[in-house]
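Presented sequentially are two complexes of chain A, the first with chain B as partner and the second with chain C.
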Partner chain A sequence: MKILAITACTAGIAHTYIAKEKLENAAKELGDHIKVETQGSIGVENELTPEDIREADVILISADIRVSKDRFTGKPVVEIPISMVMKSPKGVISKIHEKMGK
Partner chain B sequence: MARQKLDIKKHVMTGISYMIPIVVCGGILCALAKGFGGYDIGSAVEAGATPFTNLNPFSWIGFWWGVNKLGSIAMDFAVAVMTAGVAYSIAGRPGIVPGIVIGYCSSQSKAGFLGGLLMAFIIGSFVNWMKTWKLPKWCVGLMPVMFIPVISTVVCGMIFLCVFSIPLSFVMNVFQQWIISLNGGAKAVIGGVIGACMGFDMGGPINKTASMAANALGTDGINGPMAAKIIGGMTPPIGIFIATLLRKNRFSKVELDTAKTALPMGLCFITEGVLPFAAADPARVIPSSMIGSAVAGAIAVGMGCESVAGHGGIFVVPMMKNPLWFLIALVIGSVVTGVIYAFLKQPLDEQVEKEEEELDFDLDINIQ
Partner chain C sequence: MAVKEILDKRVIDLKMKAVNKDEVIRHLAGLLKKAGYVEDLEGYIKDVYLREEEGITGIGGHVAIPHGKSEFVDKVGIAVGRTEQMVEWESYDEEPVDLFFLFAVPSDSEGAKGHLRLIAELAGKLGNEAIMGKLQAASTYEDLLDAFS
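On to the complex of A and B.
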């Protein structure tokens, strides 16, 4: 499955990037393709391109702050607090599999 | 309901995340200016027709006065930025203008952080409601540039001034008076209470109210509480840094890096340096920092430390009364916070093990 994710935490210096790593490792283990955009205090890094979004099966937004969803019109979007990814990255991804029926 | 609760938290956190850089900027500039220009640098230049009329920025004092002014302006805008951030999170771009205006109004009226936060939610809901108005086609374009900024600012602003400004500043005042009234008792008690308040919410309403109380006492010439305020705001970030030294293996690599930035922030009296930790693990971080700050405040004031300067962190210590005891109290308080948090912090291994257990949660997939 092709997953796109956005991570963003309150201070934008720590958990944003830990969550990115955790998601990437978990996706690798479960055999999914993932790209993670970080919205830290420095701004957007590793930005999701329109092509990425067009090809994606699902968008996972794990954030404690506001993240704009304007780009994802017509796409399935999952929103969770970042702590859920911190605690259980694999759980989150398998749950998405289950819900998407794949 | 759970969803709503999550949203509220998200809005508040958005505001705080916008506020942190401006507080850091203001804090460090004030600290540097007071360190190099003297603690009363703020009154070194008399205001003329504008605050800057009599400024000679090419003199030593003039230069640092300018730096201090930049820092204090940044501090004045902290609540405004936070309010705008929360309103933006709720209502998008149209929330920013009323948020800045009313947030600034709130900090000026002494309703402070609490007033700004409350108003941000009112502004956000009001702007969202305005967006649903059905208007004739010719004036749809005027909505975002004229109707929303003007109407939301005047309506929410007057709601604030008519309804909330007076009771909020009254509540703040009562709390402040209570702290001031403690001044009659043992010195260590008021130092401890102010310290604990400073460590409780790291830059939030309790912290700001305690520091306003210390400022008020300072203008009456009672300068002990000011030392407690400074020390209570300095120990939490330093303490967390110490915790990472004590139990390196219980922190992730990114947390260790974050802790390294917390140390200089603590030395500059920017309590917000601890927010990344407090936001992630509040149940353990807040008690640790409250206890450390209270201990530090109690020791400092009990041993007769006094500070005329209201800000500046480590840079103003040489100008304090009993600076040596201040440093001793700072070390003890930080070590207390550090040891308690190092003890409470959950080991990384346990966190990893938990990964596999906590699978009974649900998530919704919505098509945008």
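On to the complex of A and C.
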């Protein structure tokens, strides 16, 4: 599955980046393709492009602050708190599979 | 710049006697103050506790990453501490903690993007299980550098 994700935490210092790494490793282990955009203290990094979004099966927003969903009109969007990724990254990816029926 | 450039020996103590959360935060914040990262110790500690109230900083695997974005911080830094005994700490895996990374970030960090990037990079590495394994076994400054390299 092609998953796009955004991570963003309150301070934008640490959790944002830990969650990115965790999601990437979990997706890899479960055989998914993932790209993670971080919205943190250093601004937006690894930005999701219109092409990325066009090709994606699902968008996962893992954030404790408001993240704009304007870019994702017409795409399935799953929103979860960042703590779920911190606790169980593989659980999050599996849950997305369940939801998407893939 | 590499991650090791932000690991400053002066603010690393891998043989801490602290036995509770407050002692850990105070000890590491004290090192940051002494080394010139933090301007006002009590003000900084207050901001660290504010962040603690917002959510869990124990990331599992006996590691915690308390952090303060604070007007009392002069420059971006990370204090690293290991306690000789496990300390009670709110954690995602509900386990106690013995390895601490206390982040100091100025509230106005526009001029510090390079260092913030290093902090982000270091944090990212804490999400990697292989690196976390190495950190668990690290007992010297060199071990720490090695885990992050």
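What we mean here is this: the second predicted complex is superposed on the first by the 102 of 102 C-alpha atoms of A that agree within 3 Å, B and C clash if a C-alpha of one lies under 4 Å from a C-alpha of the other, contacts with A are read in each partner's own complex, and residues count from 1 in each chain.
Basically, a contact is a pair of C-beta atoms (placed from the backbone, for glycine too) under 8 Å apart; a residue touches a chain by one contact, two chains touch by 3 or more.
The structure presented is a predicted model; accordingly, all values stated were derived computationally and were not measured.
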Combined model on chain A where chain B meets chain C, clash or fit: clash
More chain A residues in contact [chain B versus chain C]: B
Chain B versus chain C as contact partner of A:96, first or second or both or neither: first
First (chain B), second (chain C), both or neither touched by A:18: both
Partner chain(s) touched by A:73 [first = chain B, second = chain C, both, neither]: first
Touched partner set for A:38, first chain B, second chain C, both or neither: second
Partner chain(s) touched by A:64 [first = chain B, second = chain C, both, neither]: both
First, second, both or neither for A:10, with chain B first and chain C second: both
Chain B versus chain C as contact partner of A:87, first or second or both or neither: both
Chain B/chain C common contact set on chain A: 10-11, 13-15, 17-18, 41, 64, 83, 86-87
Chain B residues within the chain A interface of the complex: 6, 9-11, 13-14, 16-17, 20-21, 88-89, 252, 254-255, 257-258, 261, 275-276, 279-280, 351, 354-356, 358-359, 361-368
Residue ranges of chain A in contact with chain B within the complex: 9-15, 17-18, 41, 58, 63-66, 69, 72-81, 83-84, 86-92, 94-96, 99-100
Contact set on chain A toward chain C in their complex: 10-11, 13-22, 25, 38, 40-42, 45, 64, 83, 86-87
Chain A-touching residues of chain C, taken from the complex the two chains share: 51, 54-57, 59-60, 65, 67, 69, 92-93, 103, 105, 109, 113, 116-117, 119-121, 123-129
